[in-house]
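When the chains are written out, they are named A, B, C, D and E in that same order, and each has its own residue count from 1.
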Amino acid sequence: MLKIEKLNFSYGDLKVLWDIDLEVKQGEIVTVVGSNGAGKSTTLKNISRLVKPDSGTLTFNGTDLTKLESHEVVAQGIVQVPEGRKIFPEMTVLENLRMGSYLKSTRGDREANVDRVFGLFPRLKERAKQLGGTMSGGEQQMLAIARGLMTNPKLLLLDEPSLGLAPLLVKFIFEIITEINKQGVTILLVEQNVFQSLRIAHRAYVLETGRVVLSGTGEALLNDEHVKKAFLGM
Amino acid sequence: MTIFLQSLISGILIGGVYALIGIGLTIIFGVMRVINFAHGDIMMIGMYLTYNFFSLAGVDPFVSIALTIPLMFLFGAILQKTFINRVLGALPQNQILLTIGLGLIMSNTMMFIYTSDYKILTTSYSSSSFNIGTISISWPLAISFLITAAITLLLYWFLMKTDTGQAIRATAQDREAAQLMGINVKRMSILAFGMGAALAGTAGALISPTYYIFPQIGSTFTLKAFVITVLGGMGSIVGATIGGVIIGVAESLGAVYISSGWKDVVVFVLFLLVLLFKPAGLLGKSKM
Amino acid sequence: MAILEIKHVSKFFGGLAANSDVSFSMEEGMIMGLIGPNGAGKTTLFNCITGYYPPSRGDVIFDGRKLNGMEPDKVCKLGMVRTWQKVRPLAKLSVLDNVMVGALCRTGSLKVAREIAHEQLKVVGLDNKSNFLAGGLPIGERKKLEVARVLATQPKMLLLDEVMGGLNPAESEEIIQLILDIKERGGITQMVIEHDMKAIMRISERIVVLNSGEKLAEGTPEEIVNNQAVVEAYLGSEH
Amino acid sequence: MRQINALITNTRGASPVSIILGVVILAGLFLFPKAVESPYALHIMILFFLSTIMGESWNIVGGYTGQYSVGHAAYFGAGAYTTMVLMQFKQIPPWYGMIAGIAVALVVSLIIGSICFRLRGPYFVLASIAVAEIMRLCAMNLKDLTNGAEGILATDIPPFTLGGTVITDFLSKVPFYYIGLVIAILTIAVTYLVQHSKLGYYFQAIREDQDAAHSLGINLSIYKNIALAISAVFTSLAGSFYAIYIGFIDPPTVLALDISVQIVLICIIGGIGTIWGPVVGSLVLVPLSEALRSNLIAQGIFKIGLASEESGVGIFLKDHLAHAHALIYGILVVVVILFMPDGVLGYVKKLTKKKAM
Amino acid sequence: ANVKIGVINSMTGPEAPIGENLTNGIKLAQEDLKKKGINADLVWEDDTGKPQIAMSAMEKLATRDGVAGVVGPYTSACSNAVSKLAERYKVPLLVPAAAKEEITRQGLKWVYRLNAPADQYAASLIDAATGLGKPKTIAFIYENTDFGTSTVKTAKEYVAKKGIQVVADEPYSKGSPDYRSTLTKVKAKNPDLVFMVSYVADAILLMRQSREIGLKPQAFLGGGAGFTTVQFANEKQISNYVLSCTQWTDDVNWPGAADFAKRYKAKFGKEPTYHAACAYEAMMIMAQTAAAANGDREKTRAGLKAGKWNGIMGEVKFEDYAGFTNQNNHQMLVQQILNGKYETVYPAKFATKKAVYPFPGWK
């Protein structure tokens, strides 16, 4: 479904991605793990076209993503829930969600989707009129995920969705991810919660200083000695 | 009492036109976070357009806004696309200077074309008025007030209730997030600047029958627009409307009860007071 | 003597009580864990303590002085300093300069400040990046930078707001070690907000649990994990 | 490399080459009036010093502290008016007037600071404009003090005496040249000292993130006010110097928004937040606007024979270029902002870096 | 003969609208000089309305370009700054239109002024008004610029002498779109005379709004500038019967005035203002004098001092009187707009029509 080949990228003259190859197949949950600064978020930004690669190809269902602008990528069905939440601070929770279904194709499902995400995150329903910017860190994270779900994505890119969430919610988030995956949404997940995310992943990649150093099934990586040592602290 | 009412009313009416200038600036600021120092100059271009429609083709200024709005929208859109879009990520003072530079280019180009003569647009109703009791009300101002009110309402509805309007606001608050929602942020910026320019141009058109036109007229109105927007709360349309009227009235009453020389001081002091006690402006949401 | 006493602190945002009647105290040198569901009021409490918001009600007493509404810079001068949940690097300054700004809180000499800064960068393991622009650091390193910067102010008390968020377990381990080392060396009292229970359990001597702005429980880590109310509101059955 | 370059803004220590170069330039500047007689050249140099002083002082509050004041005319005007009022109406020599001007500017800066620094970002920018406008309007309306719109005309500058001996009588441009040079050097030196001290670090911390700075023990209002005060002192000196040199001031020439904008422009064209930025900015702007204004471009074109003076093109150039300079100026501003966002200095740095690689 | 003359003028910036008239006048003068066999090589300097720039210009003209004399600058502020330099460099400076009295009151030997200074504006108008009726009270509305303030200042002194009482004193800042409240306030005082000093745009605005609110004194007096433009006269509804003073009119019987107006209009497509006439005549005088002196500055200065001209500005002679030095004691004229046309009504020896007084009311 999504295929990345030989992706290279630099911030100014600091090169951060080196020949990344990565593939996500229809219906999969693919997890990317890696230490700080490995380039995980940068990879997602390249997919969403928030930044433009130096070289390499990115295709989605046969479409060349490098020819598209960010918003056109979204129209293809690739939606990212970004690191750092990026809530619209001066819009209410409800307005934030509404922007989630900005695409014409999703406007029809707006009501239903709002009900659905309110069902998932009752706190958001309680605070429907609160301004996004005044929500607590975790509440904003919920809102960001909920907003992403409003988009009816084909491929959902999640950048550290459990960041700053309470344990109960972290567990819940991973349940939701599996759940929506079952409903047919393909998922590319970047997580620091290596254990949980590898557990639910079909396949996974390990990034280190901008290079793919390891890939395989989630299970295989969970048992990999290197992974255990570097990420699980075991 | 007559004096009070007379100046109150003329203050409110002229405040309507101010409001329109302020709203344009507020939209541009709201979306691009750019303080547009060329706002008055854009208004000046609108005035020249109106003047030309009138003197070359005999189109009534109030009618000509039907032409001015789209043309000025286009003008703003082009400005945005070719210049402003390139500095959106830049430091604020660079943006300020870019708009100052653009303003200089606009006023001096107009000076090249039209020389720096004052142009006066005299319509049959330029100095006509009607009376309510002892108070005289200028026809052209009254008409432009009504047009302003209509435009403001329409705009408010657009930004608050339509998806495109909301997308413009979303772009204002977080461009990257807006992109991730599938919003074409470049288009939104172009739309916003276009609207801002159209509003400034309209204000120019509306004020033309009772005012005068010359290439350097912009700066007075740029300053005024700043005061209005900050007073009302930057980014708030209702705020800018209220701000415009307040400034109009303050000028008017200040001139009568203090003196014409000090009336601008009244306006600026009012401005500072509001900033001090309500830093985000009358209707702005204070941020933490 | 208690170094920090929180007495009946409440903070209202409009009708919403982000903190209501929270009281607890901390002994010098200890590590206190502050946990609770999202939106429980943890960050708000930090803000009330360090002067970003004056508490609507109640008192914050630090080192025998009442802080209510004291400006953050004065609070810092008194020896209490916080990190930000959403990190705030001084983006266009180098990593070293960022930490020096912290160090200058106690000294007027750039030379001394530079030494302190180098030292603290070593402590958090960022010394190899001291010439990088802070704005270009990835999130994990920014968190470390936050810690180095507050350490450089030579505080008596640290308030750490989710400094392990966004770090993988191995990296969190480094920070845990760091926090424990600070305690070891003595002289610095720490209050830590964290959602990572494993970490919290390891480092805290006592834990305060907030829920909907109220204090739900306080006790040793063992007491907390066995507290039924806490399990229901926050931890979930697994723990 | 990237990191090293990032640090150039915080140069520590100077290389021997640059020290020698500096000494040579300095010596050249001090000997200049001896070698060059042309009062016109001196005048341009004086304008250059003036511009450097103004840019350098704005840089402290705008470039380092990140408080983009567009109201520096307030301090410029404070200096100019204090000096002139004292000199003209109270017969107090300008030497003391300058000092009084500094005092007034300090008071003004404290008032402005206490009002405006509660605001951030664009609100601060606009508030700073507003305060300067209030000053202008006051100068306009307080006729008894300032002579209102009619302005103040200096009849005579009393000679500057120290202990009975006349140091200078201000009849030629040379004393002005040296006064300007000394103030300019002083301003640069102060900027250097600020940058290499705790103040510099604190200012930059405030620029980058006020809340973070606050939490690290930086008293925002004190340090912002210090930055503004330093800036105001030197801007006021520039104003006093201007007033004495020109001999006439009125509200539109010393208190207008125009001046504030000009001051910001100097820094941005040169390179903001660096010691040499304002110098470079002045070096570019002063001669450039002079050349544009007096139509040296058209003359140059005629001289190298690109067009003859009598031809249609020639007549067009002669007639219009003099009018067009403001237009060209605007275009230049736009071009610089678009293509050299870090100013000339930043651009040169980028070019040399590219070559080095 | 060839002669090099400097021109300092506000060609851009806020003063440009009036500066342009001067430019045009000088250009016409250049043509006419050519006809007289004088090839005036003009060095144009734009002062952008700023004194320090005007000084740059003067420095350059005096020391680099070696001009025989300088005509300009337009504004009082710039002329002031430049006059001292003229004295220092010993370059004859002929100020064509700046009104500030001090310019020729400092005893400067090298500085000459063609136009009548600010005090004359008021004196001529008040004389005309008191000659026509018996006004007791007066209201002042004026732009708070140097020109406006200094004109009204001398006017106030003058009316005090004539026993007229000032009932309103309203300086305004140029360019505001709404003067209604100020005018309402003035109307409440019911003054016999309303004296305004404004440039053309504000003049029209003020009169329009006066009509709107029904202000009706015995006479509207316009202090030169905007009130003496054809543009103003064309606004018949509001401009009729306004009395205004001016340095020059196109119907005055000074030699060449009418012809100048005609040729000016043909060349530039608009009516000349008195600024244009002043600048034209200043350039004619300067160039001819300098040509006669072969470009020698000292001789040019002496020529100006000694000379006597009679052109479109009437008789010109630079004299020392009443504290002035090298000041042309120019006769200001008072005109009234009658049926959209300016008619000179005062002083009697130049009058073409009898004035209508008092103001008959709005149509």
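Keep this in mind: a residue touches a chain if its C-beta (ideal position, glycine included) is under 8 Å from a C-beta of that chain, and two chains touch if they have at least 3 such contacts.
Chain by chain, the UniProt names read as follows: A, C = Branched-chain amino acid ABC transporter, ATP-binding protein; B, D = Branched-chain amino acid ABC transporter, membrane protein.
None of these values were measured; they are calculated from a predicted model.
Colleague: If you average the Cα atoms per chain, which one ends up farthest from subunit C?
Modeller: Farthest by centroid: E.
Colleague: Measuring centre to centre, with centres taken as mean CA positions, what chain is farthest from subunit D?
Modeller: The chain lying farthest from subunit D is A.
Colleague: So the centre of each chain is just the mean of its C-alpha atoms; given that, what is the distance between subunit D and subunit E in Å?
Modeller: Here the centre of subunit E sits 35 Å away from the centre of subunit D.
Colleague: Calculate how many whole Å lie between the centre of subunit A and the centre of subunit B, each centre taken as the average of the chain's C-alpha atoms.
Modeller: Their C-alpha centroids are separated by 42 Å.
Colleague: Just how far, in Å, is the C-alpha centre of subunit D from the one of subunit A?
Modeller: 50
Colleague: So how far apart, in whole Å, are subunit A and subunit C when each is placed at the average of its C-alpha atoms?
Modeller: 28
Colleague: Among the residues of subunit E, which are close enough to touch at least two other chains?
Modeller: 12-14, 144, 171, 173, in rising order.
Colleague: Show the residues in subunit D shared as contacts by 2 or more other chains, in ascending order.
Modeller: Residues 137, 140-141, 323, 326.
Colleague: What does subunit D use to touch subunit C in their complex?
Modeller: Touch residues, subunit D against subunit C: 3-4, 6-7, 10, 196-198, 201-202, 204-205, 207-209, 211-220.
Colleague: Going by the contact rule at the top, pick out the subunit B residues touching subunit A in the complex.
Modeller: The touching residues are 163, 166-167, 169-170, 173-174, 176-186, 235, 285, 287-288.
Colleague: Taking the complex as given, what residues does subunit C use to touch subunit A?
Modeller: 13, 35-41, 43-44, 85-86, 136-141, 162, 165-173, 195, 197, 234-236, 238-239
Colleague: Can you list the subunit A residues touching subunit B in their complex?
Modeller: 48, 50, 69-71, 74-75, 79-80, 82, 86-91, 95, 98-100, 102-103, 107, 131, 133-134, 147, 151
Colleague: In their shared complex, at which residues does subunit D touch subunit B?
Modeller: Per the touch definition, subunit D meets subunit B at residues 62, 68, 70, 115, 118-119, 121-123, 125-127, 129-131, 133-134, 137-138, 140-141, 257, 261, 264-265, 268, 272, 320, 323-324, 326-327, 329-334, 337-338, 341.
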